[in-house]
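Labels A, B, C and D are assigned to the chains in the order they are written; within every chain, residues are numbered from 1.
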Amino acid sequence: MINKFLGFEPDESKLPSKRAKIGAEIDLSSQKYQKIWLGPNHPGVTGNMAMELWVEGNTVVKAKTHVGYLHRGFEKLIERRLYVQGFPTSIRMCVAEPDTNEYLIATCTEQLSGYDKEVPEMAKWLRMLSLEMARLQGLLRGVPGQGGTFALGLGVQWGVYLRDLILDRFEELTGGRVYHMYIIPGGVRGLLPDGFKARLEDNLKEIDDFIVRIKKLMFHNAVFKKRAIGLGVITPEMVDKYGIVGTTARASGVKRDVRKDDPYLYYDQLDFDPPTDTDGDVYARTWVRWQELIQTVDLLRQIMAKMPEKGDIRANMPNVLHWRIPKGETYVRLESGRGEYGMYYVTDGSDKPRRVNLRGPSYTHGVALLEDMLVGADVADVHALMVSLQTCPPEIER
Amino acid sequence: MNLKDILTPFTAWSRVVKDPVTIKDPLSREGAPRYRGFHDNDVETCIGCGTCEAICENEAIDLVPVEGIETKDGDSGLRPKIDYGRCCWCALCVDICTTNSLRLTNEFKWVDTDPDNFRFIPGVDEKDWYKKEEGWRKPEPNYHFYPQERVKMEELGPEERGDSFIEFVKGYSKEQAQQEADRCVECGICIGTCPAHMGIPEYIKAVRNDDMEEGLKILYETNPLPEICGRICTHKCETVCSVGVNGDPLSIRWLKRYIADQVPAEQYHEILDTKKIYKDDKKVAIIGAGPAGLSAAYYLSLLGHNVTIFEKLDKPGGMMRYGIPEYRLPYDQIDKDVNYILSLGVELKTNTTVDEEMFKKLQKDYDAVFVSTGLHLGRSTRIPGSDHEHVFQSIDLLRKITAGEEIMVPEKIVVIGGGNVAMDITRSLARLQRAKYGKVQIITTSLESEEEMPADREEVVEAREEGATIDPGWGPKEIEIVDGKIKGLHVVKVLSVFDEDHRFNPKFDENQKKFFEGDMIVESIGQAPDLSYIPKEIDEQLERGPRGRYLISEYNQTSVEWLFAGGDIVVGPDVIHGIADGHKAAVGIDNYLNSKK
Amino acid sequence: MNEILDKIKQKYNAEDVTVQRERLAFVTVAKDLAIDAVTWLRDYEGFSHFVMMSCVDWMEEGKFQLLYLLHNPDTKIDIGVKTYIDRENPVMESAHHLWKQIWTYQRELHEAFGIDFPGSPRVDENFVLEGWDDIPHMRREFNTKEYSEKTYFPRPGRKTYDPATYMQEKLYPNQPVTAKRKDNDK
Amino acid sequence: MSEKDMNSKVSEMLARSEANAKNSGKKFVRPEDEEREVVAPDGSIIKVNPIYDYFSGARPEEEKPRNGIVEKFLNWARAESIWVLGFGTGCGSIEIPPLVTPRFDMFRFGVQMRPTPRQSNAFIISGYLSVKTLKRVIRTYEQMPSPKYVLALGSCTINGGMYYDSYSTINRLDHYIPVDVYIAGCMPRPEALLAGFGKLKELIKAGKAEKANEYARNFDWYKANQKKIVKDWNMPDYNW
């Protein structure tokens, strides 16, 4: 076939192979296999994505991830927005933990324009606070959500309620419930309201209680154990091969945490140790996330104790309407609840970015890894595997 | 797997006795005090600058006219209209709002069946959430989307500048100019207020982009005297600047000067593309080489007409040269602008006084005549003693200082007047006093109080820095003369200068008196035109408006069709008005000449 | 950091070495050496974590810039290996054999920029779009706003006025408007 | 812009996009999905049009209201049991979990989620729709039994929202499927959603939630709009 955009047919004979195939060749006409689609209209999938599954009986023999249902073309849209305008747009790239996007786009622009040194101390602490709160609300959905995939709905009921309390705190701090739009290039958009710390502490106490309850409910649950242990094992060798990051990698015994490896903000001033496990199965991943839940609560307490009371919230920056950033490129990463979350940012000296490219953990987890991992799995476990990899489709297609 | 794993999950039943967490009435739940809900706008404070529209990444905001809100200087009369089919409630519009009039309330419920309803003008269209006090406002502290403070202009200190006539405002460096230009929000409110309607946001943009050629082109589109205007313009634009509503206004004048200063005079022809100008056979006479005359000459010669300027004094520039002291406007800068205009083929006849006879000759020899002779007669206070020989008119003194003539500089001087001219003469005399006696003893008094004084604020401050005493709010009563020598000025307290109708009608408190000692009194309370050169028969044909000024069309045509008038004699003393008049008159003359064919 | 950069410079004749941060650097290598360099970094220098692959469209120069961003988990160093390919003839050697996730990136870049990676699995399949018949959507010359207005047309009935021109028209109705007009129907 | 101008603009755009599609020469219909004639086992020749069959093969029919009190009773019943399809089409779906959990608890208002369109009568379009999703939304909507209602969340459904300039998302939902209730916000909070359900209930009780009938009446117009932007009508092999 002549490529429309190349205008010629590439000479494939000079290449080592014809187009390599991924996955098994399945002959559906043999009547031995059946093809089923999971999603996009399916309550169990994580977000609006689809899995195309070839099954033999109950066993998946081949899987394909289909994304694009949530594609909005952020990277294109941000290319035609001013630097400050890009930040409300970028937030929508991941609804589960939007603050991470805010932080990335703010930090990229600050680094390239040389204002990263001028971000006030108070603003950095507030950024940390909002990032950890975002992680907490993500985990409050994610940890019981894993139980939800095995039809354990009670934990979800608890978790979503507690997440809502954190969203209430977010609302007080940032003015937004889900999309906070709080971390702006140069700083943040507000100090802590009066009495915020006390109210957050109250919520954290409730979450402490929840952590114990969910442990009894899920991790000491015969059904959960039976189904999750040994399911979807990721070996340490697979981690680099597939680009696995975050809690998923840590559950396989590979200790990767951007907060420790490449400390940003004031994470080097906090006392914490990323939890790990060695089994690498769904149970281990959930267990690591549960431990991380404890750790996040602890981190929030540490941040509240260490942060100053008052201070400037934004650096003195040029007029946002004409803000130009000299030509340059950078990659900024942070540790989101799902793992390494990064942004490649290229500027060309104009008032708009040349290219913004997001690297979400789901990009590798949700396509290459998930497709390989589903082979041999039971159809009933597909959701559990998807949730355990924390796939978030908007991160893949953006 | 053991029995424990089967039993432990049942501990969740303990929750059965807990209170439910359900919100009883979710519909009446309020948003947080900082919640970004629906918009509200204080239409009274809003000036319709459109910065909210500029920053909106979703193109959700339109600026639309609103009934009952008049367009006036500093208020476009437009108000933002928001499309909730676009808004993402990021509140960038609130954060950048130059007047802090826009805010978001914490209301968030709006359900409708018609998608076309989701557009409204906050603060104008009736919505029930305006009464909510809580909601998102611009964050505190030190949170600004554009720098609030003006880049400081380097000036000579009062000590250095006080005894010389060299220019004391140094002008911006490139970094400073770009930094200052960066503060502009490009709203364009200033354009309507500037009498010449200069493309202010555009030339500021040129400064930002460091494109001086483009900047100069934009300047010359509406103003052929940028060096002069960049120094002494009354900058009405800065008084309406939207950035100045909360913060310092943009220093538009200094940025204009920056552009003109950057381009050497030799490059003007090339940049402005005026190396070759086509000339037709039409001839226009201009009387008076002041700002209006020069401006008219520039645009007329660009339009291809032959222009001759008649000037009474020996150098062109009019009041700009003879009225404004050199420390504010150096003569070489006047020459730079004027020489460029003259180089376009404009003929200048200096030392040529136009009288009645000459005027009639001009009428015969030229196709059109533009009079812009300015206000060169000083007004007198006419108080007892004001006819003494040591009572001077500031205009006369300034002219003499420029011409280098010797003038009387006694040890103690009293100046009457609160305008810029009063400040000019005060500061000029202060310099001369310092040079002569090493100290300054000059008192300037005016009818208007400190706040009402028409002089620019910085002029007053600088005059004080240079040692002059400014004591406003006093009405001159009598000049005390003993043995034929002036001893000083008796004044009484002024209660108010203007009545309720804003008419000049001063009221005095005769009980509060003061005496200003001085050997010489300078009157600087206004100027009047000298139009004696216009022949009687023509003068009779000319219609006059209020205050005896000639009535002119929008293109400065008088009721005598070949006669155009402009500048101070028509609009009152102001350089930029004069320039604007010259431009308009040029267009008018061109139209007139073309219609005559 | 400098050590590894020196090595790349020597071995692959890398140009345009920029150290963006303490532990992040970008190097440019020739197109036919890029995959070799990436393989070498992976196998000999411990850059085992493939962070991302990206493409930047330098339309004005007629080039696509490909980026392979690698991370060394031991030294915590990131190196972005950049290479430029011709925009008219965008073909790049496939690297799908190096890491398992790379074919996804190549499939996305094929759709978004029209870059071909011969040999890469499923590179021709749709990734995020379905029934796309315009030029690849991430190319600079593709005007998304124009496309959106043409295809999905916004709700009509909006008009905005430019304060500068509106004021001139209102305050000086008989004079020509000198301000540059910004009003438009939306 | 008046309605008439709008219509002429629409038809102009329609003509342009049709011309474009012709000129581009790109065909999105797979050979097996093309309209063709097949021989049935009994020898008769039947016409098949697979794509036509995937999407609303038969024209949807208008539901005529029953007489008086019966319709009133039915409307009351419909209003008190709004069954929402669990299809999270956009970011607004993140606010659904709080609604189905105890804090906001929409069950007490008679609203609950259903996993399949055949059991649902309300469809929440939770924000922007990419063309790819729109195709699934249309198919899903057409599978829902009448009477059915559509709630549209957020700016994106009204006029494109923050994706107004995106090549991938539609701007005006009411051009492609009829919408009963719009809820402003980006995105609307759970409380606003509950207010939206309240409004929908009012409408149903008043017999004014008749948008499904509007879809049936203006089926051709909606189809024409849909066809303009959905170029690839092939459904993947799921054919439920």
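By our rule, contacts are C-beta pairs under 8 Å (C-beta built on N, C-alpha and C of every residue); 3 or more make two chains touch, one makes a residue touch a chain.
A quick note: this is a predicted structure, and the numbers were derived from the prediction, not measured.
Chain centres computed from CA atoms place D at the largest separation from chain B. If each chain is reduced to the average of its C-alpha atoms, the one that sits nearest the average of all protein C-alpha atoms is C.
Measuring from the averaged C-alpha position of chain B to that of chain D gives a distance of 58 Å.
Once the centre of each chain is set as its mean CA position, chain A and chain B turn out to be 54 Å apart. Chain C and chain D have Cα centroids lying 35 Å from one another. Centres computed as Cα averages put chain A at a distance of 30 Å from chain D. Multi-chain contact residues of chain D (touching two or more other chains) are listed as 102-103, 132, 158-160, 162, 164-169, 172, 186, 189. Of all residues in chain C, those touching 2 or more other chains are 128-130, 137, 142, 144-145, 155, 157, listed in ascending order. Residue positions 68, 71, 73, 76-77, 80, 88-89, 161, 179 of chain A are each in touch with at least two other chains. Contacts between chains leave no pair untouched here, as each chain touches all the others. By the touch rule above, chain A contacts chain D in their complex via residues 35-37, 40-43, 47-48, 52, 66, 68-73, 76-77, 80, 88-89, 92, 95-96, 141, 156-157, 160-161, 163-164, 177-179, 394.
Every residue of chain B that touches chain C in the complex is listed here, in rising order: 48-50, 53, 59, 61-65, 71-73, 76-78, 83, 85, 115-116, 119, 187-189, 191-192, 197-199, 201-202, 221-222, 554, 584.
Interface of chain C with chain A (complex): residues 18, 20-21, 23-24, 26, 48-52, 54-57, 67, 69, 73, 76, 78, 80, 89-91, 96, 99-101, 103-104, 114, 116, 118-124, 126-130, 135-138, 140, 142, 144-145. By the touch criterion given at the top, residues 128-134, 137, 142, 144-145, 147-157 of chain C touch chain D in their complex. Note for the complex: chain B touches chain A at residues 1, 4-6, 8-9, 11-12, 15, 21, 31-36, 51, 54-55, 57, 88-92, 95-96, 104, 136, 139-147, 179, 182-186, 208.
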